[in-house]
Every structure is written in structure tokens, then in C-alpha cells.
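A, B, C and D label the chains in the order they appear, each numbered from 1.
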Amino acid sequence: MFQFDFKKRVRYAETDKMGYLYYGHYAKLYEIGRVETMRSLGIAYKDLEDKEKIMLPVLSLQSRYLAPAYYDEELTIRSILEELPYKMIHFKHEIFNEKMELINTGEVKLFFINMETGKRISIPDNLKTKFNTAF
Amino acid sequence: MFQFDFKKRVRYAETDKMGYLYYGHYAKLYEIGRVETMRSLGIAYKDLEDKEKIMLPVLSLQSRYLAPAYYDEELTIRSILEELPYKMIHFKHEIFNEKMELINTGEVKLFFINMETGKRISIPDNLKTKFNTAF
Amino acid sequence: MFQFDFKKRVRYAETDKMGYLYYGHYAKLYEIGRVETMRSLGIAYKDLEDKEKIMLPVLSLQSRYLAPAYYDEELTIRSILEELPYKMIHFKHEIFNEKMELINTGEVKLFFINMETGKRISIPDNLKTKFNTAF
Amino acid sequence: MFQFDFKKRVRYAETDKMGYLYYGHYAKLYEIGRVETMRSLGIAYKDLEDKEKIMLPVLSLQSRYLAPAYYDEELTIRSILEELPYKMIHFKHEIFNEKMELINTGEVKLFFINMETGKRISIPDNLKTKFNTAF
């Protein structure tokens, strides 16, 4: 198992009329979480697309909303990999507010596409190696 | 069972670098779908908050991404209620592209909060009556 | 002069904690306004990019906020072309609320880029012809 | 004069089909810039609303787009106050890419509203004092 924490503040742009972080913005938190988790393992998602011509579209998303996040709170996005990615990457996320109360859980599954063929592939070896070091 | 279709075009603002509708924007499609479904039943969500002091926060969200949506496509958001709301509202959604291919499915569960007490409640009677007419 | 009106409802996703349409979302209203104005003239912006390999990046944006827009209001986006586009397109916009009160004015200047050369160009002839019909 | 720099990375959610940071998202960068500038002066915008019942709606926005911002770039948002706020706050912003090239300039004017009366006011004394220390 590997986990990584990253902080992100709730901006005015992201609040809604209830005064909460809009429910649709959690997907962006998960995006930030997984990209920063990969960066911590030496994987720049940008290079994956630009240099290795691999992209990772999202297959599925699940979210449970336990409590609201409020304007200006500095949230902690915890990203958890329970198993080594192979045919897909399965990220679990836990979002904590400033008091470190768990306010949201999420799961995102992504798969690998070779951008030149448009075909689905398994995890490339060099990526596998980098994930391996974390486990 | 009750279902309602509503159309929404993909805007530049909503695309991402892959050229797809960003995966986080589907939650907004579901929002549009459920609000317009309720409007078709004579329920203005705005009045629910402003006049009846009831709000409907989201409890959970699930999404499956079957195919991308592209810039300028006019999507069809299908919203499905399989059972009468009681302790919560459970919306199912199907998103179709212009060729009416199913590209995404979603489920959103919402609950009722009395804004004055901050407490969770069951569906108010007048709302129930309006949903009843649809079934 | 040519002008075109298009309607757009304020969604929950677009409100902020003040209960207003967030000030940053007006740029999206202008986008919708100009794209639908062009569509009314027989110009699909999507085809411009995909088929003619021309894109229109934004050069400048100006906005004046006269009154707030609220959740669920159906706004009217008025797009005004005072002169024929040549080296750039200069759109003026007026946003009206449901009572047709003017709540926002905007100006957006865009220029033409040949996507294959990456160079700035003047308006292509076939586009010019379509704009001409409107004046 | 007072200026303050704050860094913000371009996220996938914020890119568009051109591969650029969408032009409408710069308003959010300015929001982040002004809020973090105020925080650096000991002013929490959240407390302004929650405790002092003062809000700062935006009066006008101007933006010039000099060059695109790309996915994953860590931008520098420079916020500049050339004069002490009095009837309004006038923020100037300069956005730099990772090579510290100037890619965008912006200006945002905000005014003060007493949330209890709904009336426009001049800058409150305690705020004035905090801005004063910076000049």
C-alpha cells in the first residue's frame, strides 16, 4: 500500500449558494491528489501524455459526501493505492477538513490508452517500475 | 418509474486538453438533469430552498464513463426515478451523445435537510404529492 | 451592426457563497454568446477548428458587473458585432436577468490563428462572406 | 505600492481543447491572488464576511492574454496594489509562466458592501490600518 497527502484550499470560485464546496468539484480534488501522488513517485502525468503518448481516461468515479467543506478551508487530499496498477489504476481518496475530520471518500479507476493507436494497454514497464518502488 | 430528458451542449469551458468533456463536469450534468426533472413535475428547486427552507445535499455519486463527450455535442441527459423518494431521492442518469449512444451513467443520492433546524427529514408532503403524480 | 440573443440558466454549480453567479463565469456566458451568434450566421466554431484549422484565441476581456445574477435565473446573453471582423473579432455582450434588467456588460476580442502554421491571420474569405450577410 | 506573489499550478480541469488554461479561469487566478495578498497583510477574507459582515463584490474586470498557460505549469500570480484602498480596492495582476514570462495581465476593482444594510461603504478603519502597514 502507498499513500500520499496533498493540501488544497477551497476557493470562492468553488463554493456554491449553500456555502459548501460544490459536490462536482471533488472530482478535481481527486485529480490533484492522483497527479501529485504520481509526481511524488517521479511520474509527471504531463510527460506521460507529451512524451510517452499515453493517456489515462477515467473509467469510473465514486464519491461519498460525509460533511461539507467550507470556503477557505485547507483540505487534505489523501490518495491511496492499495495494489500495484496493472490493467488499470485504482485510486482511493479521503478528504479531510482543517480539523482533520474525514468529510469525503472517493474512488477513481483509470485505464491506459496508447494515444497513437487509440488502444487500451496494460501499464508500461517504466511506469510499473516507479510504482513498484513505492510498495 | 418516471424519466425525463433534457439537452445540454458541451461548451469550450468544459472541455479538457484531451478534447473531452472533463470527467468532473458530469456531476453538473446530473444537477441539470435532476433540477429540470423536478421542474417538469412542478417543483422549482429554488423555491424549495427559498420558500420551504429545505435543501437537498448530495449523499453519494457514482459515475461510469463509457465513451467521451466532445466539444459542441448536444448531449441528452436522461434522469430516471425508479422509486418514489422517501428518506432520500435516488436519481439515475444516462448521458447520450448526438448519435444517441450511451456514453455515461450516473447515480446521485440526495437527502432532505430542514434549513432552519439543520436536521435531516423525510420528504415533505407537498413534494411527495408532486412526485406521486408522476408515478 | 448585428446582434443575437441566447438564453442560459444559472446553475447551482455556477453560484458562489454570496448566492451570486460567480464573477469568473461571465467569460463562459460570453463564449456561449459568441458561439451561438456565429452558429446563427452558419458558422460552426467546431468546424472552424476541425475542418478549416483555424482557431480564435482570446486577446482581451473586459467586464462590468452592474447587478448580481442569481441561481436558476434564465439570463439573456446579447452578443453585438458593431463592425465586420477583419484582423480580429470584437464582440460586445450585454447580460440581462429575467426582468430584462441589464446586469453585466462585456467585451471580448479574438484573433485568428492558422493552426498549421501557428501564425496569426486575417479573417478567411468564407468566414467574411458569412459575417457580411449579417450586416 | 505593495505586491505579493503566489503560485498556482494549472490543473487538467482548467485546460481546454486547445490545451490552454481556459480564458475564463484567469478570474479565479486573480481571486486567489487578491485573497492571498490580503492574507499576507493579516486580512482573512473569510472573516471579513463571517465576522465583520462585509463583502467585496467585483465591479469590473479587465484581462489581456499575451501567451497561453499550459497544463501542469506552475504559474506565478503577482498582485499589485498601487494605491491604498478607499472607496474601492483596485488590484492589478500579472501572471507569469514557469520561465517567468509575462503571459497575462489583469485588473479587478472591488467595492465594500455592508452585508447587514446591503449598502456600499468605504473601507472600514481596521482594514485600512492593515493595508497601511504595507505601504
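Methods note: a residue touches a chain if its C-beta (ideal position, glycine included) is under 8 Å from a C-beta of that chain, and two chains touch if they have at least 3 such contacts.
Predicted model, so just to flag it, every value in this text is computed and none were measured.
K.L.:
Would you say A-B or B-D is joined by more C-beta pairs in contact?
P.N.:
A-B
K.L.:
For chain A, which other chain has the most distant CA centre?
P.N.:
C
K.L.:
Measuring from the mean C-alpha position of chain B to the mean C-alpha position of chain C, what distance in angstrom results?
P.N.:
So the centre of chain B lies 28 Å away from the centre of chain C.
K.L.:
Can you compute the centre-to-centre distance for chain B and chain D, using the mean CA position of each chain? Integer Å is fine.
P.N.:
The separation of the two C-alpha centroids amounts to 33 Å.
K.L.:
List the centre-to-centre spacing of chain A and chain B in whole Å, with centres computed as mean CA coordinates.
P.N.:
From the centre of chain A to the centre of chain B is 24 Å.
K.L.:
Check each residue of chain B and list the ones that touch at least two other chains.
P.N.:
Residue numbers touching two or more other chains: 12-13, 17, 24, 27-28, 31, 71.
K.L.:
For chain D, which residues count as touching chain B in their complex?
P.N.:
Of all residues in chain D, those touching chain B are 12-13, 15-17, 19, 22, 24, 71.
K.L.:
For a test of understanding, state which residues of chain A touch chain D in their complex under the given definition.
P.N.:
Listed in rising order, the residues are 11-13, 27-28, 31-32, 35, 44-46, 71-72.
K.L.:
Which bits of chain C are touching chain D when the two form their complex?
P.N.:
Residues 17-18, 20, 23-28, 31, 49, 55, 57-65, 68 of chain C touch chain D in their complex.
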